[in-house]
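Following this line, the structures themselves.
First chain A sits with chain B, and in the next complex the same chain sits with chain C.
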Partner chain A sequence: MTSIIPAPDLLEDATAKLTCYPAKPKDLRQIALPLARVPNWQQKAIEKFAELLRKYKSLQVYMDICARCGACADKCQFFLGTGDPNNMPVARAELMRSVYRRYFTPEGRMFGAAVDAYDFDEAMLQKWYTYFYQCSECRRCSVFCPYGVDTAEITMAAREIMASIGVATKYVTEVVAKVYQLGNNLGIPPPAWIDNCQFLEEELKAQTGKDIRLPVDEQGAQVLLVAPSADNFANTNTMMAYGILFHALGVSWTTSTYCNEGGNFGLFLDFQNLKKVNQRIVDAARQLKVKQIIWGECGHAWRAGILTDTLNGPLDFLEVPHPVHICQYTAAMLKRGAFKLDKTANDDVRVTYHDPCNPARAGQLLEEPREILRASCNHFVEMRPDTIRERTYCCGAGGGLLTDEIMPIRMAGGKPRAEACRATGANVMATPCAICKAQLPEVMKHWKVDCEISGVHDLLVKAMVL
Partner chain B sequence: MTSGALIGLAYIVGIIFIVGIVYRIYLYLATPAPLPIATTPAPTTVPGAAVRVAGDVVLFQNLLKYDKPLWLGAWLFHVGLFLILASHLRYLLYPVPGVVVDLQTLGVYAGFIFPIPLLYLLWRRLALKRVLYVSGVPDLGVLILLGLIAGSGILMKYAAHVYLVDVKAFVVGLLTFQPIAPPAQPVFIVHFLLVLALMLYFPFSKLMHAGGIFFSPTRYQPYKTLERRYVNPWDIDKG
Partner chain C sequence: MGVYKWDDKQIEVDEDGFIQEPDQWSEELAKALAKSEEEIADLTPEHWKVVNYLRNYYKQFGVAPMIRKLCKETGFELKYIYQLFPSGPAKGACKIAGLPKPTGCV
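Let's look at the complex of A and B:
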């Protein structure tokens, strides 16, 4: 079967100039990285490479075993959208493998270019910086690889090496720095968070006539909800939906102004920041003495969420099971018959579901969102089978790419998703991910697909009889 | 080439081959997998994950599901290799186990069919632009090398006949460290040298996918977050 958009002809260097803005020293200082390219950066990079090879089986094995069969070559949305051969997963990984061969294998040391082994020089670093930031770490390629080689592991390692020598992007470092300063990716200060919640409570009162609360920093609540901060600010329907959900269940919950973010941009940078960002969730749960942490509608949050026990655990102060994703929680409640639903409230909606990469390919979250949508809507349609579930296409902006200077990459990467959506005739696409929710409206506009983007819980609460 | 030089070379290559593979597999075994990274949907139990890996190894299931032409080519290629190698056991083992004798006919068929998937894989590398782009000297070289090994093997069987007893005496002599002179036919010497070249190349190349496939964390890890804590061995102190 040909892909939803046909594989393009190879266009060498098509996106070689489309790079993210470099990080600013003020942000790098916040996140404990070198403020500028370190002296003897080549040697430092190779030392870091060696360290990561010792620490990660995935990296060591994936450097060695790729047979370059090309099964992945036309599976990446960024290749399909741009035609740049370095966006074929196998070629992207080759950027790193060629350096691996040069410094870590005898044949590479002896024969160099003849066995595709190359120096880590300025030109190579520029290629790394360009193409490892044109990868959204979505893992779609790994689904097609006969060995499960995961380019996300390779991209993460390449970015960690670059970060260690002072090379990173403005967008990713800025977001991580904001988390350390203000607790969330968007940089919403605590008073503004509280204000927004109060405003949304008034909105809920106006819409439902009921006193539905969006509690902040409440000690002893049952549940700490770590939603993406965008839900408080941009995707407010989803934020209000959490309120209605817990109201209907009669469960006490809270958000935290110390940690009002699930999304973890440390994933896109290095291990130390991945761990440190995630630690805030656990610390907030301890401070507020909650019994459960529930992860909100955020894709990367869930990717980091399932690592929490390992990174920041043990989580034995919480009720099992942990971690819990809001869709798992809601789907379990649905099965118990906890909600009264009137599906006809969504009869104006022909909804399709976009699997965000991380819940689908890293978080085992495939059925629950669909169960919620089927329970809430009469008209649920799936997109083509090769574009959903574990074969879902990335929205085009995950992995730290949701930044405007690479808009052409984002739009090109979003094209397969847009075309798959167009073919269903859906007027709403539901998805539980803040990055998808920020990216997809732009993608739909760009490719002229008439479809609104919504949260999953937005549709559930619309059908809920309170 | 004198017998002595050939024998010496065989031992040197043999040592490099074994030490190289053992070292690589040791690396894969010893390097920790710090985080759970199974690609989902994934099995939730260890036996389930073992079945998943077995499916990768035996059936090439991702290719079977998503790239049928490549699957057919690659699978026949590997099954052919396996059968040919298995039927070669009769040169090494004494007495020859029954199963190896039974494999004999299959092995001969495989030897004939083997060039077809091999030529397909070679054609694919050259004809598909995307695959050509990522193909280098090593990718084409190893296919050509295997083709020459197969060709010289077929030649020995049907054109330039070499006596099985002579070959066996030579190989068993090597394995028991009582080396004797190899069969004199040039085609055997060529076949043998080509195999040594392949063995020399094996541990340092992508051919290590043969062992590495068992160590791919996205595939061998089960997805389980609710049970026992997954511990990162290099980050426990503060954990």
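Let's look at the complex of A and C:
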């Protein structure tokens, strides 16, 4: 099967000038990174590289094992969309491998460029900064690698090395800094969070006639919900859907103003921040003495979330199983017959499901969202098999790319998803990820596909008889 | 980082043209930003209704309001807000109202 959009002609350096804004000292200070590029940055970077090779045997294997067969080359939405050869996963990884050869292999040390081994100089650093921030760490390429090279791990390692010498993007560092200051990516202070919840409770009352609560900081609740803060700002239908869900089940739940964010931009930056951001979730759960943590509709939150026991465990104060994603939770409740549903409420909807990259390829979440949609809608259609489930295309702005200065990359990367959607004739695309929900409306508008973007639970509660 | 100049004045802005110190906002600056950034020749009372709501909310809560709340409180549908501010409530209206650019998954 040929890919949903044909492999493009090569366009050397097509996106070489499309870079993210650099990080600001005010944000770097908050997240324990150097405030500017460190003076002996080359040496420091190679030392960090050596440390990562020692720490992660997988990285060492990925550096050594690639046969440059090119099976991954046309599998990346950013290469398909831009034609820039450095966006072929093999070539992107080669930016790191060429440095690896130069400093960590005998032949590279001796013969340099003759064996494709290159110095980590200013030009190389600029290429790293450009192209490792044109990768959404979505792992689609890895699915097709005959050796099982996880190219996203390579991107993560490259970003970790850059972060250690004070090179990072404004978008990612600003968001992580906001989490430490205010508890969430959007920087919503506690009084505004409470105001938002009260406002949505009024909206729920107007819509349903019922007193449906969006509780905040309630000690002893059964469930702590960690959703993306964007749900309590932009994706308000999803936020209200959580309220309806727990109301229908009669389960006590709460959000936390200390940690009202599931999203973890540390994942896009470095290990220390990944761990520290995720720790906040566990701390909030202990503070509020809840029995369960449920992750909301957020892709990378879940990718980090499934690591919680390893990163921040043990989670022995929680009920098993843990961690739990809201789609798993709801699908289990559906099986128990916990909801009364009238699917005809969604008869105006021809819905398709977009697998966000992280739940699909790093979170074992393939069936549950589909079970929820099939239970809620009469008209559910799948996109082409090579564009869904573990072979899903990234929406184009995951991995810390959801920033406007690289809009051409975002739109190019979103094209395969837009075309696969167009072919279904769906008028709604449901997806459980706030990044996808922010990116895909722009993508659909750009590629002129007439399809609305929705949360999964938005459609469930539309069909729910309360 | 950059500098935005209007009349004989100037103010520090970020790469996207958002002012850095919301306290230094003025109605004259809003008018100038509307013209140069959003191609709005004259701010009508409807524009001001949105701008003033955003500013008052920000003053109280230190963050931009939910779009849903902005619509409800001004009585304008989202489509109409896009007509008023072609770049939308977050990027267009917030910039003119002198609020920082929203970050995160939005």
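Please note the rule applied: the second predicted complex is superposed on the first by the 466 of 466 C-alpha atoms of A that agree within 3 Å, B and C clash if a C-alpha of one lies under 4 Å from a C-alpha of the other, contacts with A are read in each partner's own complex, and residues count from 1 in each chain.
Quick note on the criterion: a residue touches a chain if its C-beta (ideal position, glycine included) is under 8 Å from a C-beta of that chain, and two chains touch if they have at least 3 such contacts.
Keep in mind that this is a model prediction, so the values were computed, not measured.
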For A:L53, select first, second, both or neither according to whether it touches chain B, chain C, the two together, or no partner. first
Check the residue A:E203 against both partner chains and state whether it touches chain B (first), chain C (second), both, or neither. second
In the overlay, answer first, second, both or neither for which of chain B and chain C A:D121 touches. neither
When the two structures are overlaid on chain A, which partner does A:T236 contact: first (chain B), second (chain C), both, or neither? second
Figure out whether A:D348 sits in contact with chain B (first) or chain C (second), or with both, or with neither. neither
Hey, is it chain B or chain C that touches more of chain A? B
Is A:D13 contacted by the first partner chain B, the second partner chain C, both or neither? neither
Taking the superposition on A as described, I'd like to know which of chain B and chain C A:R68 touches: first, second, both or neither. first
Pick one for A:E319: touches chain B only (first), chain C only (second), both, or neither. neither
Looking at the overlay, does A:D150 come into contact with chain B only (first), chain C only (second), both, or neither? first
If I apply the document's touch criterion, which positions on chain A are contacted by chain B in one structure and by chain C in the other? none
With touch defined as at the start, can you tell me which chain B residues reach chain A in the complex? 24, 27-28, 31-37, 39-42, 56, 60, 62-63, 66-67, 70, 74, 128-131, 133-139, 204-206, 208-209, 212-213, 215-219, 223, 225-226, 229-232, 234-235, 239
Chain C partner contacts - residues on chain A that touch it in the complex: 21, 170-171, 174-175, 178, 184-189, 191-192, 195-196, 199-200, 203, 228-230, 232-234, 236, 263, 298, 402, 404-405, 434-435, 437-438
Okay, in this complex, where on chain C does chain A touch? 15-16, 61-63, 66-69, 72, 91, 102-106
Interface with chain B, chain A side, in the complex: residues 7, 9-10, 53-58, 60-62, 64-71, 73-74, 85, 88, 90-91, 94, 105-107, 114-116, 139, 142-150, 153, 275, 306-307, 309-315, 320-323, 360-366, 389-390
